[in-house]
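First chain written, first letter: the chains are A, B, C and D, and each begins at residue 1.
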């Protein structure tokens, strides 16, 4: 069975307008650059994107906003993006804001076959509106649901043709949970290594979750805030 | 701050009768041998043990059964233990049987601050008795709760004085979730390495979960079923 | 009568497809690993935390940190991955394991399975069976058609405490390959030398004979 | 009037204990890292997936795969560990992070905090703030006592959409150190050169003056 694809465009051959896509990354760190470019090229429209952030004006998911391919963003923080703000205020773009830990756990739940779980985050706030509240150990918790998504776009550091993955540094972030959660999980890696080269004991994402994998090209890995001593 | 202890007995100095303890391991693989020995020496009584299995007659948790230190076992599978069977039939020992995936997830939930979650495992069976049933996507699920425990006894392969841990092979099993779940987490390691030696990118259990750590001695690592080609 | 356990395993091995991730239970299911076609790639999952399980080790390669869900020493294949029990059952609940093969004490025509408890006997526990049957999309039961007393194990309703409801799609026994469709057993294949009448006789539940019923291919 | 943001950070740094795992929010809280006593060991958690966060890198050590929760490039210290966002918020919800320091727009005498949304303005999102305030056992708010219009930020009730209920125990501002006890602000320390009357004046919520009220130690 072959999971290996040539490039991003090849790997998203069957994506349709109005798909829901999870995209890994925190800020611009660990984002699936090649897959985002492929979406821009393919001009897929009406997308719902689940991603912690929405990129910046000219990078990351910002590229998809510029071309108006995104219908809805599900994120925890969407600052640093003027185009985003414009579309939001004009009503072109829908936004659902979710506490970051709940966002992470809703991805994790989806990947672990847990349809719902309780968390204290957001109790008594706007986030709680319409949600079931249950008391555990005297403390209120909200019922939160696993995300449903058609695709997960994942960026890893190293991977093999079976789909075993290792992430690097804080570029791990949402990628492992999304890799497990995707109905179809597509992974781009910086380095494609021979099967057997990755130590089985330190694999972050086991191959079973991965449907398609390809070696990404021309990583820019842009840094949002270069800060030095 | 010092998390380093001399040995198992030193590390369980404050354990009291009638404590609830999580013990890592699957069968006899990855069990906290030194901590179990320390409990035998300390003669702590009336214990509730959460562990996937109950050891064999003369090894693992079986040692604590022999000395009648265990009041209740919470496990998924308890075969291969005549002493266990005797005490169970005589009513000396309580047993709560839990599906293995639910057991793992209830540990994980405890370690992740999730008080309850829904799983399809056990719907329509004895396991469902008394539990809330909720339908997600047309399928029934049971509400399962995070475990409460006073101590987690964890066995890792390598660890440092801060409490960063790496497990080896299938000896990982329940150890990482229990490490995160314990109110007080005590870890024994085969190898205690200098802080900074473990690659931060491949640590299985970050130090934050670990309260006490010591280098275990005289590992027997008994094999339950030696099977060769 | 009919197949021995090795032949049951061999017949089930034909259900495996290239790229499948498969969980094999203890007993007959474990034997299936020996019959996987060489021209396909199948990855075995062991629910104690391993994908890419290999054969039993040579004597000099025994590793106490490397066991399968039956607690037997095993090896790993190239491309394997190790993980925690939470991750392991996560992938099972998620439905990422394509095929699960389990033993059973009873199967009902509704697809219910009982395989963990006999009232009055020491109960050892369900292990991972309840999680597997609740979540796996494709479950095959491997078992003898009748129990030691000669009673059918394919029933209208399970009499033993059940492990899961409406989850079994296919049963392979020493006598037959039987699918479960619309609350009914459907006879698809009979073992060589076993007549359809014998299978009907040994099946307590409602058994429909498929129009295309044929002899099992055990080549 | 009173302390500048560096002095607020310095005062809060005195709350850190040896062995603490600490999460520092964006803004004033981040500055606290510069004032941690050299004789204690404190491990900083960055909720994007790092324990053991070090200082900003030298120019030649910038790594795009190594950022903090404020998206700034950072380094790691010896003994650090990297993990996923799910694991990160797991340890936060579990209460394993001993101390969390956050900025705020408003704090109420019930310990409610508002720091994520101003109606009518572009809402950027709550990030991890709601998770942190819902689960952290020990939260300190670092903020100016009044807003740009001179209105008190220590209120009877929050007027902005709240981030969490009954979660704040201590507030350190440019004027004072104030604890929250029994639905009341309690003045514990005043900034050097700031009178108690000035603090009372700048506090809209009920303010009890502690019997042991003293001047902040900024040494």
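To be clear about the criterion, contacts are C-beta pairs under 8 Å (C-beta built on N, C-alpha and C of every residue); 3 or more make two chains touch, one makes a residue touch a chain.
Treat the numbers as computed from the prediction; the structure is a model and nothing was measured.
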{"item": "Steps needed, at minimum, to go from subunit C to subunit D via contacts", "value": "2"}
{"item": "Chain labels contacting subunit B and also subunit C", "value": "A"}
{"item": "Selected pair, greater C-beta contact count between B-D and A-D", "value": "A-D"}
{"item": "Distance between chain centroids, defined by C-alpha means - subunit A, subunit B (Å)", "value": "33"}
{"item": "Whole-Å separation of chain centres (CA-atom averages), subunit A against subunit D", "value": "29"}
{"item": "Geometric centre distance via CA averages, subunit C-subunit A, whole Å", "value": "36"}
{"item": "Of all residues in subunit B, the ones touching two or more other chains", "value": "105, 112-114, 119-120, 168-169, 201"}
{"item": "Contacts with two or more other chains, residues of subunit C listed in rising order", "value": "82-83, 86, 89-90, 92-93, 135"}
{"item": "Contact graph of the chains (line, ring, star, complete, other)", "value": "other"}
{"item": "Every chain pair meeting the contact rule", "value": "A-B, A-C, A-D, B-C, B-D"}
{"item": "Touching residues on subunit A, where the partner in the complex is subunit B", "value": "105, 109, 112-120, 134, 136-137, 139, 141, 145, 166-169, 201-202"}
{"item": "Residues on subunit A engaged by subunit C in the complex (per definition of touch)", "value": "1, 110-114, 160, 162, 164, 180-181, 195-196, 200-201, 203, 206-209"}
{"item": "Subunit C residues within the subunit A interface of the complex", "value": "18-19, 21, 41, 43, 45, 51-52, 76, 78-83, 86-87, 89-97, 135"}
{"item": "In the complex with subunit D, residue positions of subunit A that touch it", "value": "26-30, 52, 75-79, 85, 88-89, 97, 99-105, 107-108, 119-127, 157, 168-177, 204, 221-229"}
{"item": "Touching residues on subunit D, where the partner in the complex is subunit A", "value": "46-50, 55-59, 62-74, 82-86, 88-90, 92-93, 112, 117, 122-131, 134-135, 161-165"}
